[in-house]
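Consider the two complexes below, in which chain A is the common component and chain B and chain C are the respective partners.
Coming up: the complex of A and B.
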């Protein structure tokens, strides 16, 4: 669609005068070109500005400024290049530093001395080879991770499925032992793109611990004595995490360990994040009173599937009431405010929700 | 929608055709035609000075060989004909063929690095000149190769008295000259690119030996591929752009070296004012001639100085700039993705010159103020009627003035009358005659409009001429100001409104933009410059608002004698003033005669005038002293 035409329409819908239109057109052109047009789930023939014009029309004229204000002032959009950058930073900023410290601890030297002599450097290379990188979902961008670290991390160290069967474990060990007959794995990095509430990673349902971490604990039991060194370490890395998730996962890990006892749960899990969204990122009635009012007025609870209900509340502020104004280029997280992504048919006095960034549902 | 007005710097236009499409012939004609016809463009060192955005690089790039050939390729196109004509007048094109082969070497790259090496000054300068010569020779060959001319078809014509030196530059055949230039450039680059400076005794003979192609080469000839055409004889031209980034000693040595009279090649140096000493820089814009430091070198005879900013014949320059700016705006509008296809390509048509009056309620209020002033000043009704008739007979642009301006002019006349009449009326004289006649003229008109601007925010800056005049004769400033207007025109078109901007919109946008530009200043001493112009600007506003409108100043005058000793008596002020001039915050108007005194006016730049709401007309100034400005700078800039 002709962008200038739709900008003119948007100006009418918003009731902007010429000055405001000029300023907003500048911003909209820039942001759509630099970022928002790259969103992968726009409909054919529609890009950001068309989608925005369509989205904003669902609100009454008096409410539109509040809706636009959220997009203009608070939306956090992570583009592919930004996400790839976080992937590229994972090894030098997290993996290398962890292993360097591990080498320093084993040899009793300060970390900065690791590169100064042959022995610690050799041990670093050995520990690096004894490390496995396992993706927890297809958001882990494991292809980008591989390319970014070609020549540093072997393909045989990277596992592209969160569930690993016995045969695969044996293959991984065989590959490791091609160089050193007695070697075992010394650390694992579980990788995922995004964590908001921590529920998917680790949660307690009734008296049972569930989630990806609990599942991984079960699966790894079989091979722990044979494939891993004693004192091996588990690291969980997310490229993006919320402030809340950073706190919650630590608390849940601690609780799970206390409940299970040593030997029946991971003794320690190191959590790391490429970037942590600041504490003030989620919206609330204090920071965005008008927009929160919209989320109440324009909510259709038919979006609440059984998976959404795991979050514990209704979904108007997103899964787990995370209230995030966050969009990831490949898909909008369900932890984001529902008005941004939800699409419903409405009816029975319920508002038909129109998405700005249509979300591809993984759980139907 | 791309707004081409936001991309000013010619370096951003990589493609020659795209570059030529936005270049106006006016500055070529204005600055270079006379010199081209007199022959001084090519027979001596041409030193082009100007503020950022004054068009230095644009002029230089026009004379680069690929640009000239691109222009000749497209000369049948109407958009290029005027430009080709201007280059013919400057001797860049002769008989529809290029007459010069220009190469532009930007000094921004690695040339300055030589100065950081621990060698003696002579060696450092020698390395620099060798590097420059090698790169110029390579650039000439590269430009010819880009036009499909191989080295085998090139003939280097040496100076008649330098034939024996031909061997030293790899001659006599062109392949040898090219190979030698490559060898010298590689050797020089090894030094400049070295992490640690090589020892002096380890330097390659390729860079320390005799290599002086500028001393040897007279012409470069291109042998035609068939006998149908005659050989193309080209005058080599080297353009050292952004020479201000060199170390001052390098700059002066290079200038001295290039100013030697025996050189046959044409050579241009282009720099901002930053490189000069304060007094030199100030002299440069007041005398249009810089004194040389080296014995035997006379600026004027050995150096041709082209000053790309307001100085000298100011009325002529303003007219020329208006022509150029309008032409340039048309070219840019043609490239605007929204306005170009709609043929909205005449900027003056998009900027309304219809005055906008103050609101009816404000007009009523102002009318009462005039009545009150009449009563307070004890002016008789008959005297007022006389003034009203005077105002009614005044014409601005052939038109009677609108009611609000009429009232404001009347207000000015009442106050002028009050000043000029006898202060004590006698018993029999209630309506004394003024000492001088009270006339409603263009000064009163200007003062009245400025009063309305400051009191009621009545639009003052509108129409294409105001836009041009507020740009300080600087192309980049013109484009920066125009950009916001053009963007607003485009927004109106998108919103299905008429494209023309009202006077109110223009005036408001221009003033906002000027404030934004001033706030974004980041050149050396910008805080002191801002402090200086703000102080002058505020004082000018105070005087502008005086009710009798006796002066609408936008300048601060110090005596010419004081100005000439500025660097000696007030070195800090001179340095700040140098950068104020170099970055268009202030324009110098030297030797301005007023009464029995000769003044040097520090005229506020267009952005400052817009931001403070001052007249764009020239000549009005506050009399002052340098000492006051120097004392001001001793205060901490805010």
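Coming up: the complex of A and C.
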């Protein structure tokens, strides 16, 4: 579709005058070209500006400025290049630093001495080989991670399935022992793209701890005595995390350890993030009163599936009421404000929600 | 397959880790330290000296450079005097030296003068040199670091073994100090690279400007000079991501809309992202691009990268490292003066301090006094 044509329609929809249209068109052309058109779920002929025109029309004319204002002033869009950069940063900025400190601790030297002599450098290489990298979801971009670290991290150290059966554990150990017959694993990095509420990673339901971390604890028990060094370390890395998640995961890890007791839960888990979205990122009635009013008015609670209810009984501000104005180029998180991604049929006095960035549901 | 790099791995620290490193490292009695820093109006002149004095009093010597430009604002002079008085109160034997940044024809000579000055000062007996670039202009800091790196690498009896670069990274302070620039973009002294050389006349030129707030005019001037020399110059702007403010790169894209779309004609896939907090990340990114381009253009005139680090001081160190390693051109416009927003500067002084960054460029940490700094992994 001719971009000028759809911009003209958008101008009519928004009721912009000539000056305002010129100003907004410049921004829309720029940002769609540089970032937003890259959203993976846009269709040919229905990219950002077309989707915006469609999305805006679900609101009354008087409300459209508030909707547009959120996109113009608060949307956080992480592009493919930005996401790939977070993946590329993971090894040099997080893994290397952790292992460098581990070598220093084992040898009783300051971390800055690790590259100064052969012995610590050799131990570094050994510990690196004894490290496994496990994806927690397909958002972990393991393909990008492998390419970025070719020649440094072996393919046999990278596990592309969140659940590892006994046969796979044995294969991983065999590969490790091809180089050192008595070697065991000394550390694991669990990797995922995004964490907002912390619920999917670790939560308490009734008197049970659930989530990916709880599941990993169960699965690793069988091989802990045979495949792992005593004192092995668990690291959990997310390329993107919220300020809230950064705090919550620490608290829940501490609570789970206290309840289970040492030996029955991970003694320590090191959490890290490629970028932490600041505390002020979520929207609320104070920062975005008009838009929050829209989230109340244009809400269809049929999006509250069984999975969504794990995060609470109201999803208008997204899973776990995280209230994020966040879009990831490969899919919009369900923790983002529902008006950005939800698509419903409406009916029975319920509004048919139209998405700006359509979300592919992982859980139905 | 990645290529072995001079600073990969690199010993560098940030924030509490940097301060922790200084406290531990300088606590050893055998460390004798020369601190080379700016002694000007910039409030960052004193932070790192204060920290080092706490730990290494009696083993710390200071060389503070006062950059002189024509017709300074009296308030700038007053603040510079106050900072120097503070530095002298901590280090009574400190050397405070004046450097003319501009020649009578406004040509940038600060770097050359700084090198000449430091060359005349004995470094005998010091184990470590720390260059604090917080309050130095790049035109002075880059040549100084190159000279000192060559000095410590050359070694010799009594010459310091270790060279460190430190900076108090404070983007709000950078924004409060606006450079008044002349109209003569030129390579920084010692960072000419292949610029103007006959054998680079056919080279495919890639310009990598570091985008930051309020620097359009400077970058426009630089681009004009590069484009006059190489009309087919390709532009890959550097944007800060990840950053403390996740929308910062979007805001910069908007601020540089005209340049990106019309003047430089940048394709979205040519945006280069560098961690706002990590100079080493930018260093790696630049060299990765250089590796690829060298292969592509090896038989058709070669590749030439030109850097213009006009943004945060911390990220500019990444450009410095890449330029030192591959002899890239660093194109810059020297400030002929400063237009300082004193209210913003003072607001920053009463607010939280910036983050301290430490880079170890050469010495014991790498176990070799020779060219290859890194042990490799």
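Convention: the second predicted complex is superposed on the first by the 362 of 364 C-alpha atoms of A that agree within 3 Å, B and C clash if a C-alpha of one lies under 4 Å from a C-alpha of the other, contacts with A are read in each partner's own complex, and residues count from 1 in each chain.
What we mean here is this: a residue touches a chain if its C-beta (ideal position, glycine included) is under 8 Å from a C-beta of that chain, and two chains touch if they have at least 3 such contacts.
Quantities reported herein were computed from a predicted structural model and do not represent experimental measurements.
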item: Which of chain B and chain C A:125 touches, first, second, both or neither; value: second
item: Which superposed partner A:7 touches (first chain B, second chain C, both, neither); value: first
item: Which of chain B and chain C A:89 touches, first, second, both or neither; value: second
item: Winner by number of chain A residues touched, once chain B and chain C are compared; value: C
item: Touching partner for A:117 - first (chain B), second (chain C), both, neither; value: second
item: Chain B versus chain C as contact partner of A:77, first or second or both or neither; value: second
item: Contacts of A:57 with chain B and chain C, given as first, second, both or neither; value: neither
item: Which superposed partner A:25 touches (first chain B, second chain C, both, neither); value: first
item: First, second, both or neither for A:302, with chain B first and chain C second; value: neither
item: Shared chain A contacts, counted only where both chain B and chain C touch the same residue; value: 26, 29
item: Residue ranges of chain B in contact with chain A within the complex; value: 1, 338, 484, 487-488, 491-497, 505
item: Chain A - residues contacting chain B, complex; value: 3-5, 7-8, 11-12, 18-19, 21-22, 25-26, 29
item: Chain C contact footprint on chain A (complex, rising order); value: 26-27, 29-31, 33-35, 38, 74, 76-79, 81-82, 85-86, 89, 92-93, 96, 100, 110, 112-113, 115-117, 121, 124-125, 128, 150-152, 274-275, 277-278, 281
item: Residue ranges of chain C touching chain A (in the complex, touch as defined); value: 1-2, 8-9, 11, 21, 24-25, 241-247, 249-250, 253-254, 257, 260-261, 268-269, 271, 273, 275, 278, 280-281, 284, 360, 364-367, 374-377
